[in-house]
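By letter and in written order, the chains are A, B and C; residue numbering begins at 1 in each of them.
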Amino acid sequence: MSPQQRLALVEKPERRFALTLVAPGVLVLAVTTTFPLVYLVWQSLQNINLAMPGMERFVGVDNYVRMWGDARFWAAFAFTLIYSGATVSLQLVIGLGMALVILQIPRAQWAFRMAAILPIVLAPVVAGLFWRSLMLTPDFGIVDFASRSLGLGSHNWLGDPTLARVSVIAIHTWQWTPFVFLYMLAALAALPADLYEAARIDRASAWKRFIHITLPLIRPAIVVVVILRITVALSAFAAIYAATGGGPGTVTEIINLYAYRVSFVELSLGYGAAAAVVLLVLTLLVAGLLFRIRR
Amino acid sequence: MTSRRVRSVALMLVGAFLLAIWTVPILLAVVTSLKDEKEVLAYPPTFWFAPTLKSFHAVLFGPTNILGDLVTSLIIAVATTVLTIVIAVPAAYAFARLKLPGRKPLGFYVLATQLVPPIGLIIPYFLILNRIGWMDSYKGLVLIYMTFSLPFAIWLLVSYFEDIPREMEEAALIDRANRWQALWHVVLPQARGAIAVTVIFVFLNAWNEFLFAVVLGGANVRPVTVSMYNYINTEQTQWAQLAAAALMAMLPVIVLGLAAQKHIVNGLTAGAVKGVGRR
Amino acid sequence: MKALHSRRKVLQAAAAGVALAGAPWVSKFARAQGAPDLGAYQKAKINWRLAEGQTVNVAVIPASYFENLIALTPEFEALTGVKVRYDKVPPGQIRQKCVLDLSSKTGNISTHAADPMYLPLYAANKWTEPLEPYLNDPKLTDQAWFRYDDIFEAWRKADMVENRTYGIPYDGEMTVQTYRKDLFDAKGLKPAQTLDDVVANAKALHDPNNRMWGFCLRGMPGAGQNMYIYPSILGAYGGKWFDRDGKIRVNSPEAVAALEWYVNTNNAYAPKAAQNWNWPDIADAFAQGTIACYIDGHTAATVIANPERSKVVGKIGFARWPKGPSGKRVTSIWNWAMPINSALPERTRQATWLYIQWAACEETQIRSSFKFKGPGKRYGVNRTSLWSNPEYTKTIADAGDKFLSTSIETLREDTDVDWRPRVAQWPAIGETMAKIIQAALVGQAKPKPALDDAQQQVERIMKGG
C-alpha cells in the first residue's frame, strides 16, 4: 500500500474519530473559560477600586509594576512556592511509601483504602476549622493536649509564624496524601508481576528493585499525580482561610489568598485580578514543565 | 524467617500509625457529634461520656436542618459527574490512544483551563450567569462545576488509558469492528477501575465545592457545604451540630466509594494479572 | 433476643420515616392552625398590599435573631402578598457577596443584613437608596405607627452617611466587660473602672497552671474581628481617627499607647490562643470557666448564659468599658442595617421597604423576641421602648448580674459615632489595621513601627491605589 493510501485508509478516519471524541469536551471548556480569562486579563489592566467610584481608568501594566515592588506580594509568592513544594513532596513521599507498605499486606488493604478516603471526603473548610479550633489551639486543643502528655510542651501552633506555616502545610498534606496513596496504589498494583520475579531471581535487593524497576515504570503516574496535586496546592483556599485566615499577620498568605483579600476585602479589583493572572502564569509554567518531563 | 517476621510486624505498626493519623480527626468529628455542646470543649478532652443523638436530630430534622441541602448537593454532584464522565471518557481515550491532530497542544490547553485560579473566575462567572439568567439555579452551578471537573477527569483518565494494552483493541479492529464498537466493547470494560476512581473524585470535587456554591448559589440552590458552614453562626459555633452535619455530608461520598470499591479492585487486579505484552 | 432487636430496628426506621415524611406536614398544620393575628399591623395607615405580587430576596447571616424573623415571615407574606426568599450566607462571605451583587447592579439581593461600616461605600457608589424618601412618604410609612425615633439613636446615626439614612437597624449590640462574679467576689474585687484596674484584676486572678486566665481580648485579624475592639481602646486613650486636616491618621501617640496596652495586656493575661480568637472562641472559653474577665459583645450571653453550653451560668457579672487615661469609655456601635438595593425596579423597592418596615417595627420586634414561640432569645432588639418593657427585659435580665443596666447605660453614655472611620475605604483600612494589630500581638512587630507601616498603607489606600 502506498503511503497515501495508508493515510486515507487508516489514519484519516482515525483522526476524524479522535476529533469527534474530543470535541464536546474542548467545546465546553472553550466556551466557559475563554470569556472569564479575557475578562480577568482586561481587569488586571485597569485601576478599579470600588471604594473610589469614578476613578476607574485603564492603566496598562501599572498593576504589574506595582506588584513587582510589593513586598507583601513577594512574601505571598515565596510562601506559595514553599507551601506547594513542601506539601506535594510530602504527599508524594508519604503516599508512595504508604502504597508500597500496604501492597505487602494484601489482607488489610481494604481497611486502608476506606480509611484513606475519609480525609479527602471531609470538606476542606470543615477540616481547616476543626484543625484550628479543636486540635491545634494551644491550651485547649487535642494536639496540644497530646503534645503536652508526651512531654513536648504546649506550642502556639497557629499563632507562632513558623509553626503556623508548618501547621497549614501539615493540614493540607493530611487531607490530600490519601489521594496520592490511592492513586499510587492503583498504579503499583497494575505493574506486571513477572518483572519482579526476574529481578528477585537475580538477587537484586528491595531498594534496587524499587529504583531500577518500579520507579521508571510509575514515572508517568507520578508526574500526573504531581501535576494534579500541585495545581490544587497552588490554588488552595478553604482550609488555610478557615485555619489561619492568612495569619498571623500575613505569613501564611499564599497568592490565592492575597488576591482574594485584595479583590474582595480591599475592593481593589484591578490589582487583585493582576495577582490572579500572575498566579495563573506561575501555575502554567509549573504545569508546562511537568508536562514536558512526562514522557 | 524471623527477619521476615520482624519486617512484617514493623510494617504493620507503621501502617497502623499512619492509619491512626489519617482517621483521628474524623474520629474526633464522630466523637464531637455525639457529645453535648458543653462537653465538646471540655479540657482535658473527655473520652468517656454519655453519647446523644441530639445533634444529628437537630441537623436532619431541626429548624435549620440540612436535609434539603443534602438533596440539592446530590442533584448537582450527580449531574456534574454524569455529564463529566460522558464527555471526558471519550476525550481521554482520544488523547491517550488515537492519532489526534494537535494532541500535545490540545492536551495542554485542556489542562490549562483548569489552572485559572478560582478567585479570578468568581466575578466573570457571576456576571455570565446573571446575563444568561442561570444564576442561583442547578444548571448554572453544574455548568460552572464542569469547568473544573472536566479537565481533572480527562487527565485522570488519560494516564489510566495509556496503560491498557493495545492488543485487544487491535484484534477487535482487525475483526472488522468499527472504532465505536472497539471503544465500547473492548476498551471500556478494561477501564472500569479507572472510570470508577474518576467518578469518585469528580463527585467529591463537586460535592465539596464551597466558594462557587456560596457566590453563585442563593435562596434556591444551596449546597450542603454552605448550609453546613452556617452552624458557625454569628453568635456561636455549634460544634456538635457542625460535626454532625459534616459527617452527614460525608456519607453519600463514602457510600459511593464503597459501591465503587468492587470496580476499582477488579480494574486494578485485571491489569496485574494480564501483565503480558506490555510496552 | 435477635427478633426483638430487629423488630425494634424496624420500628425505629418506621418512626424515622414517618417523622421525615410528616415533619413538613406537621409544621404546615401548625402554621395554618394559628392564622396570623395581623391586627397590630393593620393599625398602620398604609396600604400594606400596595406591592402585592412582588418577590423580595433577603440575604442574612445565620443567627438566632434572624432565624426568628424567618420563622415569622409567613405573617408578612399574608399581610402584604409579597413573597420573601432568604439566602443564608456565612458571616465571612456575606459582605463580599452583597458587594458583588450591588456593584454589578444585578439586583439579585433586595436587602441584606449590612455592616453599617459598609454604608459609606454603598452611598459613594449609589448602590443603595437613601431612605428618607421612603420614611417620609405617607403612602409608604405611617410615621406615628412606625416611630422611627424609637430605635436607638446611636444605631440610627451609625446607619447614616452625610446625614442621610441608608439602612434601618434591625438588631444590634454593644461591647461590655464580662467577668466571673463569683471569682471577683471571693477575692473582693470590683469590676474595673479604669484600664489599670483591668490589669490589677487580671493579675489577682491569673492562674494559668490551673487553667484560669486573667483577661482576654480578641486577636483574630479582621475588620470586624480585632478591629472591633481596638477602636474602643483607642477612644479610651482619647485617640481620634482623623487629624486636624481631616486626613486619616493611625499612628498618633494615643494610637501607639492604645496598641501597646492591647498587646501587653493580652500577652500577659490571655491564653496564647487568643491571638487567633474571635468572639465565639472567647465566649466558649469563658463558658468553660477558663477566663476571669473579658470585654466583648453583650450578645455573647447567648453562649455564656445558656445552660446547654455553659458551665458558668449564674456566675456572670457585667460592667461598662473601663475608662482610659482620657476619662472616656467607648463601646462599639454595632447593628445589622437593612438597606434597599437601588438596582431594583420601583415596585420591588417599595416591596422591600415594606419588608424592612415590618422587620424593624415594634410589633415584629416583640414577636421575634419575648413573644416568640421557640428557644431563640434576642439580646439586641432595636427599640428603646422595648428595653424598658418588663416583658422583654425579663427574658434577658437573667444573663448575669447587672446585665440590663449595663447594656442600657453603655448604649446611652458610651457611644461615639466616629468610633471607627466612616469612609468608603473602610474595608481596606479595617483589614490593614487588623493585620498589623495581630502582627503586634504575636510579636512580629512592635506597636510603633507597625502603626507607622499601617499609616503608609492607609495613605496609599486613601489615594485610591
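Here is the rule we go by: a contact is a pair of C-beta atoms (placed from the backbone, for glycine too) under 8 Å apart; a residue touches a chain by one contact, two chains touch by 3 or more.
These numbers were taken from a predicted model, which means no experiment stands behind them.
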### Query
Can you name the chain that lies farthest from subunit B, using the mean of each chain's Cα atoms as its centre?
C
### Task
Write down the pair of chains with the top C-beta contact pair count.
A-B
## Note on the structure
Between subunit A and subunit B, the Cα-mean centres are separated in Å by 15
### Task
Mind checking the centre-to-centre distance between subunit B and subunit C? Centres are C-alpha means, answer in whole Å.
37
### Task
For subunit B, write out the residues touching at least two other chains, lowest number first.
41, 43, 123, 127, 229, 232, 237
### Task
For subunit C, jot down the residues that touch at least 2 other chains.
96, 100, 211, 281, 285, 290
### Query
If you look at subunit A, which of its residues touch at least two other chains?
133, 139-140, 264
### Query
subunit C touches which residues of subunit A in the complex?
47, 49-53, 55, 66, 132-133, 137-141, 154, 156, 158-161, 244-251, 261, 264-268
### Complex contact set, residues of subunit A against subunit B
11, 13-15, 17-19, 21-22, 24-26, 28-29, 32-33, 35-37, 39-40, 43, 94, 98, 101-102, 104-105, 108, 110-127, 129-131, 133-135, 139-140, 142, 145, 174, 177-179, 182-183, 185-186, 189-194, 220-221, 224, 227-228, 231, 234-235, 237-238, 255-256, 259-260, 263-264, 269, 272-273, 276-277, 279-280, 283-284, 287-288, 291
### subunit B to subunit C touching residues, read off their complex
36-38, 41-43, 61, 63-64, 67, 122-123, 126-127, 130, 135-136, 214-215, 218-220, 222, 226-227, 229-237
#### Entry: Parts of subunit C lying in touch with subunit A, wherever the complex brings them together
96, 99-100, 103, 121, 124-126, 208, 211, 219-223, 271-273, 275-276, 281, 285, 290, 423-428, 431-432, 435-436, 438-439, 441-442, 444-445, 461, 464-465
#### Entry: Complex interface listing, subunit B residues touching subunit A
8, 11-12, 14-15, 18-19, 21-23, 25-26, 28-29, 32, 40-41, 43-45, 87-88, 90-91, 93-95, 98-101, 106-121, 123-125, 127-128, 143-144, 146-147, 150-152, 154-156, 158-160, 162-163, 179, 193-194, 197, 200-201, 204, 208, 210-211, 225, 228-229, 232, 237, 239, 242-243, 246, 249-250, 253-254, 257-258, 261, 264, 267-269, 271-272, 275-276, 278
